[in-house]
Amino acid sequence: MLYMTRMDVTFPPHLSAEDIAVFQAREKEYSGNLQREGRIQGIWRIVGEYANHALFDVETNDELHEVLSGFPMYPYMKVKVTPLAKHPNSIR
Amino acid sequence: MLYMTRMDVTFPPHLSAEDIAVFQAREKEYSGNLQREGRIQGIWRIVGEYANHALFDVETNDELHEVLSGFPMYPYMKVKVTPLAKHPNSIR
Amino acid sequence: MLYMTRMDVTFPPHLSAEDIAVFQAREKEYSGNLQREGRIQGIWRIVGEYANHALFDVETNDELHEVLSGFPMYPYMKVKVTPLAKHPNSIR
Amino acid sequence: MLYMTRMDVTFPPHLSAEDIAVFQAREKEYSGNLQREGRIQGIWRIVGEYANHALFDVETNDELHEVLSGFPMYPYMKVKVTPLAKHPNSIR
Amino acid sequence: MLYMTRMDVTFPPHLSAEDIAVFQAREKEYSGNLQREGRIQGIWRIVGEYANHALFDVETNDELHEVLSGFPMYPYMKVKVTPLAKHPNSIR
Amino acid sequence: MLYMTRMDVTFPPHLSAEDIAVFQAREKEYSGNLQREGRIQGIWRIVGEYANHALFDVETNDELHEVLSGFPMYPYMKVKVTPLAKHPNSIR
Amino acid sequence: MLYMTRMDVTFPPHLSAEDIAVFQAREKEYSGNLQREGRIQGIWRIVGEYANHALFDVETNDELHEVLSGFPMYPYMKVKVTPLAKHPNSIR
Amino acid sequence: MLYMTRMDVTFPPHLSAEDIAVFQAREKEYSGNLQREGRIQGIWRIVGEYANHALFDVETNDELHEVLSGFPMYPYMKVKVTPLAKHPNSIR
Amino acid sequence: MLYMTRMDVTFPPHLSAEDIAVFQAREKEYSGNLQREGRIQGIWRIVGEYANHALFDVETNDELHEVLSGFPMYPYMKVKVTPLAKHPNSIR
Amino acid sequence: MLYMTRMDVTFPPHLSAEDIAVFQAREKEYSGNLQREGRIQGIWRIVGEYANHALFDVETNDELHEVLSGFPMYPYMKVKVTPLAKHPNSIR
């Protein structure tokens, strides 16, 4: 079951560059695992913004919330979720 | 080069059901061709709305505009374009 | 799997009172069936607006889109869908 | 008398993880009591957000304000209240 | 139980000046009755707009919806309802 | 001359509970005086928000600004002012 | 007593060029009279828009509403009114 | 050449009352000079807000930016600029 | 003196394809002349929209309004004007 | 390939005037280099705001993101990117 998300990240000013680097390393690992499992089908940087679009493939709304809230940077993210259905013109 | 789009369709009230059916058939063919050529990488219905998200892969901004403005329903669409870059956490 | 929706209805000015009454009768039947099947868990009028909140319980995003787009008044509705997950404080 | 609410929680950056855990424990108890009394008919997590939808059943606007402002996290919440009426198509 | 409302009126272009005059006469009577019954505590024109603020005093959300949807111009109104509670600083 | 206002209060995070209590006591006195003078005709809590609607009756725009900017909590308020005129359907 | 307004004009599509010319002539006369009476202190075109800013000087909110609703094009205007007070830095 | 501006001031929480008083005194002088030079034709407080509307008369866009960015409080202002042209109904 | 504009075009539904073609031909000539005169320094299509960004170089606000309101499609345009000043980092 | 951008800069309150001056010097050098390379075709200050419009000419979306995220002040910028195509009326 597919969902399009947009995630915008805003770090609080008190975080040091080291803190942020740690978050980014953990995020890369977490995101990579989700991609290898097929739960993230694609993730793209939005040009000029600290934000991404990602396409999730999960079984349930609950699973999606669990996956999203497990992102290391989740406390600093604003997430917008758009549920997707099959498009009648899609050839897949 | 990738772009995420959101297209919302609103038909003017004077269009008949037959007119709309003709538009939809032409749209399906046009969209199918773009998918077969790889210029649309994915197209998804937004649940509950006469709208879609689509992922385009084209060479230039000009090509994207040409492709979008060629949709049979283009005069009735509101299109929002988001340019995408490679995400550092993407494994592809 | 639960979703909260908000549906706002706007009839085009050319619809007669009779047309609207027909739509409303068909809508009542369609909505009643969904409630009896348990796919709508609750539907409430928003005070002062031709709009409602409804709580849907369906298996998939695709099923939700099929159910929503089957409403007789769907062409005149603006629908906003919010996917829901279990709340950690819910006692149910 | 029914009301739909949406509550969004934002903690100020100076709160420690312990402070937040205390708030969450008190919140769980407070929310559980309201559910057992029937004053909250349902509460759901909004997927991907630190937010919920809840359905309240209380006697008056004043009672609703008293209940909402009693939430332990109320100072950190943004609450939107939508008064509900019986929907003509509801079978309940 | 008090509610503040804002009502904005937009007539469709096909209504004649006579139609509008009839609506306005019926509206005046309907509104006057609600004021005499005490269900409208005050109604004020918003300067420069075809809109008003009104203060309603009714028993329930359902009664408020019934009263609002009974306005002759209701099909041409956009209504925003704000539930009110006693203010701790009010001396009444 | 009447004006509807909406005031939203946001305290900065560094204010202590004691500071806030002092503000609230001064606010209660200030607001009470305005009500006894008839310059505030009514003040109501907006359910679920640290906000109010108030109906002011003053002689001039300048007097209204002086009264509003004299509120002890004014530096922490966002105020929206709507000038009101007599409504043709008002029976008062 | 001063108010800043912004008026945006939108003519319905069925109005002919002649109708519009008649409206514009009546508007010019009405606006000119208000300026000669000093009730409009200044009126300026907003560059690139069929809109203006005007500065009104009237005795009361009621007078302002009467003046605004008397504009020949009032039914086609969207008006936003901002009440003004003396600025402490104004040298006038 | 005329421009309407709206300036909203927000002081950061760390500024002391003394700091603010110094800013206000410098602002009064700066604003007074611009008025005496005729570069500000009028400045008005927006009722209930720490904001003003001002009417500027300068030679160029560059001059306007220089004047605006020279305000002592400029770092704490949000400024909106609307270029004005002669209105065909203006009698001046 | 430079201004950035964004123009969005919406044709009313009653215009025929021929009417639109006539407008487009007149628009092309008008726009071309402005470019040859240097009053338009650049004009670009916004991808996926019937809209453009253009950079104007004119002497005054009044001249800009005259030029904009002279576009054949002006009655069907929504125009947003942003006055520009020299940027301190510009090397031109 | 062209893109119009709007960049708004907001410095966090803890930055000193010296810190800001360092950022501005580095920004000037970075921006100057991009202009000399032709990757920025023009950059303009938005009057009254700490913001600019810039016109970029780059090969790909990825290059644009790399260039934008390399700005020394990027962490303090909000950037909006609009992809541009050739306008049919452009004479260039």
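The chains carry the letters A, B, C, D, E, F, G, H, I and J, assigned in the order they are written, with residues numbered from 1 in each.
The working rule: a contact is a pair of C-beta atoms (placed from the backbone, for glycine too) under 8 Å apart; a residue touches a chain by one contact, two chains touch by 3 or more.
Since we're looking at a predicted model, the values are computed, not measured.
K.L.:
Just to be sure I understand the contacts, which chains border both subunit G and subunit C?
P.N.:
E
K.L.:
If you walk touching chains, what's the least steps from subunit D to subunit G?
P.N.:
Steps on the shortest route: 2.
K.L.:
Check I-J, D-F or A-C against A-B and flag the pair whose interface repeats it, over half of the contact pairs matching by residue number.
P.N.:
Overlap exceeds half of the contact pairs only for I-J.
K.L.:
From the C-alpha centre of subunit A to that of subunit H, how far is it in Å?
P.N.:
43
K.L.:
I'd like to verify one number: the distance from the centre of subunit B to the centre of subunit D, where each centre is the average of its C-alpha atoms, in whole angstrom.
P.N.:
39
K.L.:
So the centre of each chain is just the mean of its C-alpha atoms; given that, what is the distance between subunit C and subunit D in Å?
P.N.:
Computed from C-alpha means, the inter-chain centre distance equals 23 Å.
K.L.:
Any chance you could list the residues of subunit A touching two or more other chains?
P.N.:
Counting only residues that touch two or more other chains, subunit A contributes 2, 45, 47, 61, 64-65, 81, 83-86.
K.L.:
Could you run through all the chain pairs that touch each other?
P.N.:
Taking the chains two at a time, the touching pairs are A-B, A-C, A-D, A-J, B-C, B-I, B-J, C-D, C-E, D-E, D-F, E-F, E-G, F-G, F-H, G-H, G-I, H-I, H-J, I-J.
K.L.:
Which residues of subunit C touch subunit E in the complex?
P.N.:
Within the complex, subunit C touches subunit E at residues 13, 45, 47-49.
K.L.:
Can you check the complex and tell me which residues of subunit F touch subunit H?
P.N.:
Residue positions touching the partner: 5, 12, 14, 61, 64-65, 68-69, 79-81.
K.L.:
Would you tell me which residues of subunit H are touching subunit G in their complex?
P.N.:
2, 4, 27-28, 31-32, 35-36, 42-47, 52-53, 55, 82-92
K.L.:
Please name which positions on subunit D make contact with subunit E in the complex.
P.N.:
By the definition above, subunit D touches subunit E via 1-3, 60-62, 64-66, 81, 83-86.
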